[in-house]
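Each of the next two complexes has chain A plus one more chain, namely chain B in the first and chain C in the second.
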Partner chain A sequence: MGYVGQRLIQAVFVLWVVATLCFLMFRLMPGDPTLNYIDTSMTEEQRQNMLVAFGLDQPLYVQYLIYLKNLLRGELGNSFLQGRPVLELVLEALPLTVALTLSALIVAYIFGVIAGAFLAWKRGSLTEGVAIPLVLATRAAPEFWLGMILLAIFAFGYGWFPSGGAASAGAEYGSEWERLFSLDFLYHLLLPALALAVYLQGLPLLLMRSTMLEVMQDEFVTMARMKGLSEWTIVIRHAARNALLPVATAFALGIGGSVGGNVVVETVFSWPGLGRMLVTAVQGSDYPLAQGAFLIIAAVLVLMNLVADLLYGWLDPRVSHGRKG
Partner chain B sequence: MAPARPSAWRTASGQIGRVLRIASRDWFALAGTLIYLALILVAIFADRIATHDPSEILYTGRYRIARNLPMSWDHLLGTTHGGRDIFSQLVYGSRSAVVVGLTAAFCVAAIGTLLGLLSGFFRGWVDTVVMRLADVVLGLPFLPFVIVLAALTRPGTATIVFSVAVLLWPNTARVIRSQVLTVRERAFVEAARVTGCSTWRILFVHVAPSILPLSFLYGSIAVGWAILTEASASFLGFGDPSVISWGGMLQDAYASQAMGRGAYNWFIPPGLCIVLVVLAGFFISRGYEEILFPKLRS
Partner chain C sequence: MRRRDLIQGTAIAAALAAGGLGARGAAAQQAGDPIRKLVILSRPQSNNPQAYQAAEIIAQEWRKLGLDVEIRPLPRQQQSEVVWNRRQEWDMTMWQMVGRPERSDPDELVFNLFHSSTAPTGFNFVGWADPEYDRLAEAQRVETNPDRRREIIRAAQERVNQGQPYLFLVHPKQVHAFNKAQLREGTLVNQAGLGLRNIWTYLGVEPVGNRRDMVLNASEPVQAIHPLWISGATDSWVTELVWDRIMRIGPDGLPRPWAAETVTQVDPTTIDITIRQGMKFHDGSPVTVDDCIFSFEAPAIGNEVPMYRPFVLNIAKVEKTGDRSFRITLKQADAGFFTSSLAKLNIIQKSAWEPVLRDYQNRPENIERFVVERPIGSGPFKVSRARLSEEIVLERNADHWAAPKIERWILRIVQNVEATLGMLNRGEINFLADYTGDPDLVKQLVSRNRNIVMNEAVDVGFQFLGWNMRRPPFNDPAFRRALSAAVNRELMAEAAWNGFAEPANSHVSPALPFWHREGIVGMLPSGLDQAQRILQEAGYRVVNGRLHYPAGTREQTTPN
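Presenting the complex of A and B:
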């Protein structure tokens, strides 16, 4: 069946368990599930219709089967605060979260890779002694706190950037693409992406540094030295290329991780993405929306874990996945 | 390094002693240990150090709430928008950090160690079940899970500690498992088996002590994660409102527009405290790692 097939089945299995957990969390909580799941402002008839539509008049295992069937068809119910299909709302928020995550990750990884390679080269110097604790400190800082500092300085202090949201009031665009690439959008994106990037750059930096240190002791680097290649060529052409491997995997994992972890940054900057949607839905007891947002975030995470694993095997042929080669 | 039949617990205590001695050699580990020590002391003597009651609303005159006062000798870090003393809140916040950090770290280390031990030692179906469970947990988004759980049960410290424990054990378990896989093949385990020790005795008396330092390592990392998670959850409004915590202080500052007023004295100190404590965990684990995996030292 091969490694890819096995890994795919595992991902589907994990998704199924997460979906089941989600079902149990939202249905088996104390209290009447209809109170949680169905809007209290509905008329009795509407309520009965909803009950039947979601199978809430059936025993639990039937409800579970209906839930799975609905999930497979992309049917996530209606948000009760906004009255629109959850899937539609979630798919509207997803591009904003992806834009924030990707721009922050790209900046963070470019900076991290370069700075990490630099620090590996500067091993044992004063620069390293100061930089490493500093980098660790950015990893230890809560993201929302970094966001608050940036807001206080650049949005409220100097007034250079807007204090929240993803668009100026009254802005309208012909299409989603036009919006995501408009100057106004980038202007709003900059501060939240920066806050996220400051938090995210530590991992690629430390990874790059430690793998560089490892690679620099490898035989092929010694070989390159013996061939008389310049230090620069050795670092860039030989060492860095091999050291990039774990960084690429971490990048894929980073996408999955930050789509869920963005929750606080999106809240600080009122960024209308998935994370903030989840928080407001949970706070407003909008359970269908909360469940939908949670499931999508989990699906992205599982998918990116899968991509990271496959990417690693593809980039590094030495990983033979248990098969004797 | 092991004699023919070392007393397993003596080697364990020896290793713990070694772990403690690292502090005197490694600058990072020393700094981390000192920060932890300071945190615990401040938490214990919080009522002596604090200058005011942290939840009392202070007044400057009759009916005039002491809002947003700047730093002064009376109020070392000024006051909040609600008229409470920031320095005293900061001092009391250390208590919640200690409670959350230590209980969560203990739970993570205990669950991770136990499951790692079982799956590495028994292998077979136990191993399969534990590792698939770990896969599932790694597929749960961290903060969203904490939020949903807090919303569906009761927001509060216990929920946060519980979710941190449920979500963070897989890393510990995986590392412990792979360590157990090598330890169980070692001569002293074989010797114990030959002399007729029961399986459980071999597991807990002979194998477990040799992996305890790893549990400490992962426990010390979990302290920081737990405090960060608690801060994030409190900031989002899912913490226990009756407990003063650094995350809760930041939420209060954010909600009262402290950034707009440039009240750096309000929102900088709690964040710095979180950074220091989490950093201490990183420093200590770095020091331990170099001792536990000497290959990294070069």
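Presenting the complex of A and C:
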């Protein structure tokens, strides 16, 4: 069996483990979805009827078997709270999360790579002395804090950007694509993407810098210097290209991690993405929706891990993945 | 006075307690077991700062009486699970009743909160059982003469004051704000107990300038737009605009005919209704008497419509009496029927819903699982677009006999409370409809932006601490009364709610002056000395700074 085949089997196994954990985690948590409907007129009969309607009257193992059977058929079930198919809800929120994540990641990694290379080049200078603590501070700062600061300055203060949402109130579009590529959407995307990018840029920057510092010690760099190439040419054309490998891997993993990790930014900016949906689902014990959202996030993460592994092997043929040559 | 002042007062009051109960003769010999540590369940401070701070103030006061009190923050789901499903296992919980139009009639709260029949599995989770209260709650339900009913409801409030089944804290004030540069001041309507966020505002508000829309916020996503499912509080804001009802609760808090031209109470169990002429559903089909009759019959079919079923259970029959009229016969007189049923049930299309109901009778799930793809009502607004976790857009129904003046009603889901103020300031929303943050921030905004107008109104709902009367010492009315007396509600309203609340001692809000027992707050003894006196008279003793049960009483309850 080839390397790719092995990795695919591993990926399926990981997804099964995640699916099982998701199933157990939500059912072992205190409470059930009927608690969302506690009301003065609610009776025990109503509550029991609700449990039957949600299939929660069945023994746990029966629920689990039904869940696995549905998963194999590609069915994630219907949301308890909204009644609609989970896949439909997730696919509705996913483009917004992907748009936010990708734009932030691209900005963060472009900036991180360039700034990381620059700081490696400027090692020991005053610029590095100021920049590194600043980068560490933005990396360590909570996302919600960064988001609120940006909102306070650029939305509430100067009024340059909207205070939240993915489109202006009442804006109408012919299709989701039309909306995603509208100026109004981009205008709403800028501030949350910036907040996320400021948070994300620390990793590629520090990674690029440290790898660059290693690469700059390599013999081929010394050779380039001996050839009389300019320092800038050495840094950009020779060293940086060789230092990009771990950054590319981090980028792939970053996509996977960020799809589920935007909960805070999405909440601060009222961005109707997957992360915010996940929070609502967990708070409301909406098991199918929470399971489905987690599973899709996990699938993206596993897929990106796989891509990173394959990418690594492709970018650097020295990486053998344990294969015997 | 704020919390800081309270903390400073602790030492003084502790000295008072020591010199009062603690020093009384041979207290130790006359005392029972020390009272166990008592636990107050509360939402975390980050989640509900007011309730948590109120719990802190309460605990602080009670420690002065010699009680060991712990506040245990729990997420909402977990708190609800313990309180609702494990009724023997908790001591006290912070809780709230929120204001809703149908709570303008006191029946829902008077009966369901405290009638002993709802104690085992219903809303009487504190487990209060008082035969005299039960009698009053049942009597008000069948008394159709308003004046006589008012006397019964006032007597019920006095009974609650005696028994203190809840430690009532405050009736919070609803804080709403709007932009008068976009919405004409004076055209928004203040509804009793609800403030500006009500249908009368949406119908009457006049746009100013180019923007013809009302844009408001909600902090929770909408779950569904469904005429046969009460799926959430925010959802109800939408459904009441899309579907008409026979009656509506007016700005004065009383039910008034809406889709009905007349509603006549022929006798205590017979109601004649004539519907308006020319009403149409949003698809252009007429609203008929058959649709109205079906709307009352549908919730009673099997268990398909569990949320609305309780509101039609008292209906014996519904008969057509003419092209525009029908008669409802009740099994027994029901004073709250106009509010709890006629003003609550949505008028739905029989032709659309009858087959769906029939289909769902053969399924394990009920009709709440049915996804309404195209919500069709006959109400003053039509659904234009619904992204449930992002934005709901309703457009005016120009054919409606009470057509709104705004073109669109746009509900934006904004979970970041601080951002809503920024949105209001920048004109992204023009009506702050759902605000749970610090009201002082809204005041500050009003002082900075001259276009913003703030409105506050006492809520029909209330904040309270529920104590579990299944567990001693809360089964002792004297103990409850003493602990209730120890809490300074004026201070509570100032410290925890920043002055945006009124002291409470009743489940019927002063926002409903016809039903509210005036002066009920003053009927409760107030102050630490009063609390100590009540405890002393009931036999409780302080020994070595710790409050003990009366002589001979053993502590047999396990701390939770």
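Just so it is clear, the second predicted complex is superposed on the first by the 286 of 325 C-alpha atoms of A that agree within 3 Å, B and C clash if a C-alpha of one lies under 4 Å from a C-alpha of the other, contacts with A are read in each partner's own complex, and residues count from 1 in each chain.
Here is the rule we use: contacts are C-beta pairs under 8 Å (C-beta built on N, C-alpha and C of every residue); 3 or more make two chains touch, one makes a residue touch a chain.
Fair warning: this is a prediction, and the values are worked out from it, not measured in the lab.
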(message) If we overlay the two complexes on their shared chain A, which of chain B and chain C does A:Phe156 touch? Say first, second, both or neither.
(response) both
(request) With the two complexes superposed on chain A, say which partner A:Leu102 touches: chain B (first), chain C (second), both, or neither. (result) neither
(request) Please work out whether A:Gln283 is in contact with chain B alone, chain C alone, both, or neither, and reply first, second, both or neither. (result) both
(message) Just to be sure I read the superposition right, which of the two partners does A:Ala298 touch: chain B = first, chain C = second, or both, or neither?
(response) first
(request) With the two complexes superposed on chain A, say which partner A:Ala93 touches: chain B (first), chain C (second), both, or neither. (result) second
(request) Using the touch definition from the top, say if A:Met148 reaches chain B (first), chain C (second), both or neither. (result) both
(message) In the overlaid three-chain picture, which partner chain does A:Leu8 touch, first (chain B) or second (chain C), both, or neither?
(response) neither
(request) Look at A:Thr267 in the shared chain and tell me whether it touches chain B only, chain C only, both, or neither; answer first, second, both or neither. (result) both
(request) Go through the superposed model and pick first if A:Val307 touches only chain B, second if only chain C, both, or neither. (result) neither
(message) I'd like to check the shared interface: which positions of chain A are touched by both chain B and chain C across the two complexes?
(response) 29, 148, 151, 155-156, 163, 267-268, 283, 285
(request) Would you tell me which residues of chain A are touching chain C in their complex? (result) 29-32, 35-47, 49-50, 52-53, 55, 78, 81-84, 92-93, 148, 151, 155-156, 159, 162-170, 172, 267-270, 272, 276-277, 280, 283-285
(message) If we count contacts the way the header does, which residues on chain C are in touch with chain A in the complex?
(response) 75-78, 80-82, 84, 97, 108-109, 112-113, 120-123, 213, 215, 221, 223-224, 226, 230-232, 303, 306-307, 309-311, 364-366, 368-371, 385, 387-391, 393, 408, 410, 412-416, 418-419, 421-423, 425-426, 428-429
(request) Name, in rising order, each residue of chain B that touches chain A in their complex. (result) 28, 132, 135-136, 138-145, 147-149, 151-153, 224, 228, 231-232, 235-237, 247, 250, 253-254, 258-260, 262, 264, 267-268, 270-271, 274-276, 278-279, 282-283, 298
(request) Mind listing the chain A positions that touch chain B in their complex? (result) 10, 13-15, 17-18, 21, 25-26, 29, 133, 136-137, 139-145, 148-149, 151-152, 155-157, 163, 213, 217, 257, 259-261, 263-264, 267-268, 275, 278-279, 282-283, 285, 290, 293-294, 297-298, 301-302, 305
